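Here's the structure we're looking at; comments come further down.
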Amino acid sequence: MSVGRDALREFWASKVSKMGVALLVLLVVVSVYVVLTYPLDFGLRYWNNPAYWADNPKAVPPEWWNLFTDKKLPPHVIKDFHEPSDVRDQRGRRILEYVYSFDFQYDEFPSFLSISLNNVTFSSRRPPRVEIFLDRPDNISVRLLRFTVTGPRPGEEAPYFRYVEAPNRVRITGDKNVFSALSAMLKKYYGLSIRPSEVGEIGAEKVAFGEPSGDGFKVLRGRYVLRAVVTGYDEDVDVGMLRMVVGGRVYGFSGTDTLGRDLAVGLLFGFPIALLIGFLTSTVTTIIGAITGVISGYMGGKVDTGIQRLSDIILNIPLLPILIFFTFVLGTEIPRLWVIIAILIAFSWPSLTIVVRPMVLQIRESQFVEAAVAIGAPRLWIMFRHIFPQVAPFVFAQLIFFTPSAILAEAALSFLGLGDPSMPTWGQILETGFRSGGVYIGYWWWVLPPGLLIVFAAITFVLIALGLEPVVNPRLRRMK
Amino acid sequence: MGVLRTIGIRALTLIGVVIAVLLMLVIVLGVTGLSDKMLKAIADQILMEIRQGLAREIKDPEALKAAIEQQRMEIYAAFGLDKPWYARIPDMVVRVMTFDLGYTRTIKSFTGSQRVADIIWERLPNTILLVTTAIAISAVLGLIIGVKVATRPGSRLDRVASYFSAISFALPTWWTGIIFIFVFAFYFRLFPFGGMYSAPPPEEPLARFLDLLWHAALPVTTLVVALVGSWIYVTRTIVLNTAQEDFVAAARAKGLPESVVRRRYIIRVAAPPILTNIVLGLAGSIGGAIITETVFQWPGMGSLYYQAIFSLEENLIIALTFIFTVVYVAARFILEILYIVLDPRVRY
Amino acid sequence: MAVLDIVNLRLYYKTLRGTVRAVERVSYRVEPGEALGIVGESGCGKTSMANAIMRTLPSNVEVYDGHVIVDGHDVVRMSEEEVRRKIRWRKVSMVFQGAMNALNPVIRVGLQVAEPLIIHEGMDKREALEIAREKLKLVGLPPEVSDRYPHELSGGMKQRVVIAMALVMNPKLVILDEPTSALDVSIQAQIMNLLKKLKREMGLSMIFITHDIALASDLSDRIAVMYAGQVVEIGSAEQVLLEPKHPYTQKLLAATPRLRADITPEFIPGAPPDLASPPQGCRFHPRCPYVMDRCRREEPPDFEVDGGRYVKCWLYGEEG
Amino acid sequence: MTDLLRLQDIKVYFRSRAGLFKTVEVKAVDGVSLSLGRGETLALVGESGCGKTTLARTSLRLIRPTSGRIIFDGADITHLPESELKWFRRKAQAIFQDPYSSIDPFMTVKQILEEPLILHKIGSREERMEMIARALEDVKLTPVEEFMGKYPHMLSGGQRQRVVIARALILRPEYIAADEPVSMIDASSRAEILYLMKELQERYGVGFLYITHDIATARHFSDRIAVMYLGKIVEMAEPRELIENPLHPYTQALIEAVPEPDPNNRFRERKVIPGEPPSPINPPPGCKFHPRCPYVMDRCRTEEPQLQEIKKGHLVACHLY
């Protein structure tokens, strides 16, 4: 159809449209990726489950932040061992040794140290013993911690399985025994007497990775070896997985929040949600608006008066307070996302009705419609064949134009704490960031990216709408 | 005569809107059982006071229990709690209208009252102060820039303004506010993070006023940035369209200087439709204000919403929803009267 | 001295389709007290002509040259500001096509009529309104009309207001651009009578732009026929109407349906050319019944035929 | 021979809102009777707002009259529901004034011409193509293949109007109402379209109602002329008789107002009727023309004159006769 092709060419001719379409493609590609790779219950099972994020550093900026600062911050390291580095049998004991050697050349201490054990199996009545050693660049070696796996309970039959459901996670830098070990180390090698509780106050990671300097500690750079030694008393002893974590001060692409959640993961999940809200809301809204507009304009009479009155009233109601009210009152029973979408639709369609109606009135008066009546065309034929094609480009432009409003409205509600907890959105991430005081402390990586993404999604549609404007607005078109 | 009639019709529509919103609120509350919960809370509060009085008079525990039960029945009946929710609609409508919605659980007014009405009335002026200032500034800026841009379509200024409008449409108000806090409060430390006055507020009136200005600067700017883009856009479009009208060409042919043509033939004629569009955008500015207040902890009704949601104060939320509707409807009404004054064609 | 002397006027616009040659080397004069009718079909450049005289040009003008001499001033060479102060409404005023759109909807009619006096003469508002009321009376409107808004008036009344507006500064020349095309015949006749009366009583010079050659005869002492941006024939009303020389004029007259005679109207096959790409040679040649080879190659000059009449046609080359 | 179309005392009143509660009645057509023979052309002449367009639309049953009867081919179609009008819709067609809005801008010429055939389930695909080609040849839009695929915006005003004529003729109707078919076409091409219509009308024997404000074209292209003023027919006669011997003061004034290309025009003032037509909301009592009539009598102010035959084939509604 040549009218369509002309319109398309005109649309494509503007830089704005091209930019908009490029951004839209990006949005859709990311969303498809997320939909294909994320579990459906991502929100409840992962995002809002603190245990899942336990091994992450809390509230640290993204890794690339190092490029912009003089102070090099250590990245986050997670080392998983499915097999021990070394296995020895010694006097009836089996010793599993896990070794992680790393070069530490940063200006800041790690944020923490932790170790986790998964799926420990043994069959002797005496449970395996676990020891953690740290070998420092200055050739000091400290045994940080020693503990035993929970022993057999009365009546329990070998083999014994431990830490199957959840790993046994030991936060080394938060353990009192570690404080004592470090206190002893300071006494022995530096002649400093610092009580274990004081080590805790200074921060175990500072003592472990530093050397005394003046009043405090400075980073001791060089090669460290973190060793975990599991000593079993039978040949069956086995550790399914052992994880060592050297907590970083930067993390991933987007940093983490105060719960240690990887913000990049949450932000990515926001893409399909934003598109869903935007498209679903605007599509249904424009369909209802276009249909009521065409009916109201073409049928006239009581139907018309009724639709007009209703539209007039709805349009005079401020949207956000009503959204707040409904989401608050109904959100406990129905998933909030659906409440938001439903209310947005219910209160937005008249804005399209009132613009489509006069257009239809005008088209109805136009002579080709009258000619169609004179030829004997039925009402529905006229509405579909003659009237709808005339308003369609405009309605389509409205659909695009309305999309960012829906995205922004959801973001606003989320920001007010009315987001859907089962579906993390950009607005919600921003809200937690804001509520945790992120703005006042300077957690820029937490509050800026979600806002930027909202702007990005919204501007995509604004650009496309701007590109469509000369195509659908005959007045602008005629000027060419 | 004709003018009064037009105004009357508008007034009727807007009263219809308020009634529709009231009914909607009350019905939703009734259906979800929230109205029962709220009324019970008010009734139980009263009952507790009575119980203390009765306990002093009646010593026999059985008789006391019976007397209290008797009182409870009476009070519940007085509140209509013995009837289904739809029978209470008129009563509830009156309650919402008068903000007679009982007491809050935790939120207090500045003077310490926990009555919903007290809390709301105290904060209303603060919101109006913020919003009207922002709207006035955006209107002036939007008109000036929009007209200026419209006289040079296609120029660099025009393009910049168009891009700015597009971006401002896509910018969530609150995020702009957060950016401002980041830059001007956190980084440069030029403005306060939020609030309306320093703590403690200055005693001397002038100092107090300056303190208010200093605190208002960021929230007002935030709202202006959110509003002014669409105003520029609307003004530009309408002025451009008006400038193409025949009577403008006629005015030029009459040898009127460009300033007169612009003022009397373009801006004056474009003013009513610009105003209409601004009226349509008013709802957006109310939404923007709610969130801006939250971001800047401005002690108005918007930040109250946030607190109320957080502490699950449903009666406050109802009252706020209603008063925002009323404020919005009142503002529209004022602007529509202005429209009638401006455009002789609607004076029938 | 002529009220208006136009010499070799050209007016081109730049559009997406290319350069539109709306007025192509046009020359004519208007003598005091004379009415010149400019007749042509839609898109022939007659409205551009009015704009060129008033120098109210759109922004996409590409070429604007030649001479438009009004009372000794050459409008083409004056500064914009000078034209505004010295020419517009003082020397030349205009009655616009479609009066419904030529009036500002939010200003009372009286003030719109009086406005040029206030601006140009610095006259007091009350005094200017008094003169406006007088002019309204002159065009047959009651003085109360002065306080009305345009939407409260009928089409015929608005047209009269626009005429009163054109007269308010007593200009030498009034350009009437299709002043009746939006009106019914009976109202058109009233307006034409009014214009005749004004011309007679005030000795006004007029340029009457219309698409209707029959209507042009109602007012014009001389008639210029325009085709595709050019004046193809100009002469006295008698010469042009009774003995048309240019084939286009002849055909245009033949196409005018006669009410009182049994001459069946004819038509000119084809359509006027696009002014962005006019034909080579004579612009009328693709539709001309007498077309010759020369017409296809060379553009004819203006040949003077029987005293004071000019025809742009090779048919009259030998005689000229 | 029976008449093709008979309108009997047609009244069309519209309700128009005037404020919130008040509605007013607009008497667009106020008691018109006329008949049209097969193959005859009747011109309906009047100024804007006189009700001529409303009457034409009523004759096509696009509007239901408030009262009166429409009889087509001997059948009363005044109150038939749309579902029983299909045969009438095939036999009666319309041509409208504005060639820019009377065809759907989103359809090709082929689609425009095919629509009536599809709606009336006429012919197979091939037969329809043939009929479209013939119709385009009829209106001289050749080569046919080239025009079929064009969209309206690629055509000139005259070409569009030819498409409209082709659409009206493709169903081989018996009656066509043409509402100002040439008023938006340039003077030099106007006659061309009118000749084309005349030629086709004679070839296919169509009854034609020609609505116009231009009494001069009506003279040349019609068999009878009816003059309308404010919802009524005030005079009806054959063209030459009407123009040479107009009886009604309004007709006289109308003819007087039409200029001819005559250099002497500028030396004389036309006799004009003062004022403008009153609003059809509040028409004057008695003869509707009386407030502007130069020969007004007392009787005219109270009593409405009836249309009566003064001499053979010449009808007038005026108390002077």
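As written, the chains take the letters A, B, C and D, and residue 1 is the first residue of each chain.
The rule we apply is simple: a contact is a pair of C-beta atoms (placed from the backbone, for glycine too) under 8 Å apart; a residue touches a chain by one contact, two chains touch by 3 or more.
Being a predicted model, the structure only gives us computed values, none of them experimental.
Student: If each step moves to a chain the current one touches, what is the fewest number of steps from subunit A to subunit B?
Tutor: 1
Student: Taking each chain's centre as the mean of its C-alpha atoms, give the chain farthest from subunit C.
Tutor: Result for the farthest chain: A.
Student: With contacts defined as at the top, give the pair, C-D or B-C, that has more of them.
Tutor: Top pair by contacting C-beta pairs is C-D.
Student: Which one chain sits nearest the middle, judging by mean Cα positions?
Tutor: Per-chain C-alpha centroids ranked by distance to the global centroid put B first.
Student: Hey, how far is the Cα centre of subunit A from the one of subunit C, in Å?
Tutor: 70
Student: How many angstrom between the C-alpha centroids of subunit D and subunit C?
Tutor: 33
Student: Using mean C-alpha positions as chain centres, tell me how far subunit B is from subunit D in Å, no decimals.
Tutor: Subunit B and subunit D have C-alpha centres separated by 57 Å.
Student: Spell out the residues on subunit B that touch subunit A in their complex, using ranges where they run on.
Tutor: Residues 13-14, 16-17, 20-21, 25, 28-29, 32, 34, 162, 166-167, 169-175, 178-179, 181-182, 186, 193, 241, 280, 283, 286-287, 290-291, 294-295, 305-306, 309-310, 314, 317-318, 320-321, 324-325, 328-329, 332.
Student: With touch defined as at the start, can you tell me which subunit A residues reach subunit D in the complex?
Tutor: Where subunit A meets subunit D, its residues are 1-3, 366-368, 370-378, 381, 385-386, 389-390.
Student: So in the complex, which bits of subunit C are touching subunit B?
Tutor: These residues of subunit C touch subunit B: 54, 56, 84-85, 87-90, 93-94, 96-98, 101-107, 115-116, 119-120, 149, 151, 165.
Student: What residues of subunit B sit close enough to touch subunit C in their complex?
Tutor: Within the complex, subunit B touches subunit C at residues 245-247, 249-257, 260, 264-265, 268-269, 272, 342-345.
Student: If we count contacts the way the header does, which residues on subunit C are in touch with subunit D in the complex?
Tutor: Checking each residue of subunit C against subunit D gives 35, 41-42, 154-156, 184-190, 192-193, 196-197, 211-221, 236-238, 241-242, 251-253, 255-261, 264-269, 271-272.
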